[in-house]
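Naming follows writing order (A, B and C), and every chain is counted from residue 1.
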Amino acid sequence: MTTKQLIESLLFISGRPMSESKLAEITQKDVKEVRGAAEELMSGWNVPERGVHIIKTGSSYQMATNPELAYLVKDFVKAEQSGELSRPSLETLTIIAYRGPITKAELEQIRGVNCSLILRNLLIKGLVEAHEDQEKMATVYTITFDLLKFLGINRVEELPEYQKLNSDENLRKLLEQKIEQASDEPVPPAVSQAEEK
Amino acid sequence: MTTKQLIESLLFISGRPMSESKLAEITQKDVKEVRGAAEELMSGWNVPERGVHIIKTGSSYQMATNPELAYLVKDFVKAEQSGELSRPSLETLTIIAYRGPITKAELEQIRGVNCSLILRNLLIKGLVEAHEDQEKMATVYTITFDLLKFLGINRVEELPEYQKLNSDENLRKLLEQKIEQASDEPVPPAVSQAEEK
Amino acid sequence: MAYKFKLQQFEGPLDLLLQLIEQEEMDINQIALAHVTDQYLRYLNDSKDILPEELADFLVVAAKLLLIKSKSLLPGLQVDDDEGTDLERQLKMYKEFYEASKVLHKMILKRHFSFTREKMVVKIDRVFNPPKHLTSEKLRELFSDVLASLEVWVSMEHDVIIKTVSIRERIRNIQEMIGTKATLHFNELMKTAKNKTEVIVTFLAILELVKQRWVGVVQEGTFSDIVVRKIEGAEGEVVKETI
């Protein structure tokens, strides 16, 4: 039996998120092999012509329906899909999606405002998860499967402009470019008016 | 959307046998087309290297584990039933012990995180049980009689410092705050599905 | 200059700043930041939308803006440049994610949701499997820990309201002090501030009073104490719309 087969089968039986370590424990394979096989599965399953996809966040996997079929499946499972995200929730989730795993301090640095309450709300709603990062010795936050399902993507890497916004380095370069450009520009005439009074 | 895709997603999400006529009704295709698509699906899925197969009984189809992997199902069930409790699970258990009967919403307000998966885990391990509370019109959780016996007591009131800890002032305040907050909060995006009938 | 435009509800100080700059159709740079400083401060003073627990964050940005503004007014002023470019970079970064959040919002509105199966395809029988070393005493300990962790949430809002002083309160406070003393020393005033936030609030309050010609400030030498003095004829409440 190949590891791919075993994982496929387990994800189907459970229907819920399964972590690499849990999959490794049940299949008695090592985590690295599980990860490799799971990634292979994802590239096989996550194509437009398949009705079922495999979605991933952090180091967990789950089987889910192809988001293009939402119109059909929602009636069958009688899903409630009411509700809107508030602006602070959306903003916080966006940052965590692109920059997760992220600490509360890093999040607050980007939003410029205390995020304790909004994080708590998102944790309770199950849109965000907290983990202990052993290296950073800090709590880090990531998005959950529920948010992936809500966005209709298989993993955060599929978000628009993920590479650019995910890496601090890319973003820093981008921002610096803009600063340089701005300083090269001739001073706009608006400046004199700017200093009213 | 192809009929194959639609059937694949429906068989996955249901996990149970679905008749050709039922599939035709939901997908709004005719029975003949459904049969053709399902047969095609079967020849694609039912190969030794796949972990999940599609089986046919009479004129019904069902997604199921590759029969070669029957042992894996047993391993999975065992893994679900056994295993030590994580710290968050233990915390949840103690809250149910001291504050039960308690709703999921109250539990989440106290713990500050979503408790769906933890509750399910505690239920499988026979540590807590669910009841319908007629007055609250909600499901409430209590610890099981088995757990009481294991702890060597007859009722939760015999837990150490029960009176004091059960009627903690901060706990009362927090649960009251919840009601105030909940009313002006946006509705969460409910992607989780209702029970299909 | 009176501001007449209406801003959307804002989420935090960077959002307010971004909206002000976009309203002026300016790019994010030091000039734009200096330009909107007054509007920002006025919003801070008047807005009832700012949550008490977020006030401190708004004030930190106010302090950075004032530094940028003072540099643009006094080009010779020797100040460390970091704060200004920091704020500029921070605001640009915030804008990137703010724009991204609008894209995500559109994705969600499409309602292309994925669905997962709640029920397992196999039935799992419940077996009683208690944690081996669990005792009543252990339960009591864990529950006490849980209760202790609640303290921070329960007391949070209460604390913030007591601790923070609004700019308006501080203005009234300084007016009263100056009413009895006629002159005040800046250092003395700062000593009454209990934390960094209050230092900034006090500073902003004095600035507001200067702007409204209620007090004048005099400094004898470069490092000597600043004297705050009531201007002759200034009476009564501070009028809000003076400039």
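Rule of thumb we're sticking to: a residue touches a chain if its C-beta (ideal position, glycine included) is under 8 Å from a C-beta of that chain, and two chains touch if they have at least 3 such contacts.
Fair warning: this is a prediction, and the values are worked out from it, not measured in the lab.
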item	value
Chain closest to the middle [Cα centroid of all protein chains]	A
Between B-C and A-C, the pair with more C-beta contacts	A-C
Whole-Å gap separating subunit A and subunit B, where each centre is the average of the chain's CA atoms	23
Mean-CA-position distance for subunit C and subunit A (Å)	29
Distance between chain centroids, defined by C-alpha means - subunit B, subunit C (Å)	42
Residue list for subunit B, restricted to those that touch at least two other chains	12-15, 63, 65, 73, 76, 112, 189, 191-193, 195
Residue numbers of subunit C (touch at least two other chains)	108, 113-122, 153
Subunit A residues touching subunit C - in the complex, by the definition given at the top	12-16, 53, 55, 62-68, 70, 73-74, 77, 79, 81, 85, 87-88, 90-91, 93-95, 97-98, 109-114, 116-117, 120, 145, 148-153, 159-161, 165, 171, 174-175, 178-179, 182-183, 187-188, 190-191, 194-197
Complex interface listing, subunit B residues touching subunit A	1-2, 4-10, 12-15, 26-27, 49-52, 63, 65-66, 68-69, 72-73, 75-76, 79, 108-109, 112-114, 116-117, 185-197
Interfacial residue positions of subunit A with respect to subunit B in the complex	1-2, 4-10, 12-17, 22, 25-27, 49-52, 63, 65-66, 68-69, 72-73, 75-86, 89, 120-121, 123-127, 129-130, 146, 149-150
Subunit B partner contacts - residues on subunit C that touch it in the complex	108, 113-122, 124-132, 134-137, 139-140, 142-147, 150-151, 153-154
Residues of subunit C that touch subunit A when the two form their complex	1, 9, 11-15, 26-27, 29, 31, 34-35, 53-54, 56-57, 61, 72-73, 85, 88-90, 92-94, 96-98, 100-101, 103-105, 107-108, 110-122, 153, 156, 243
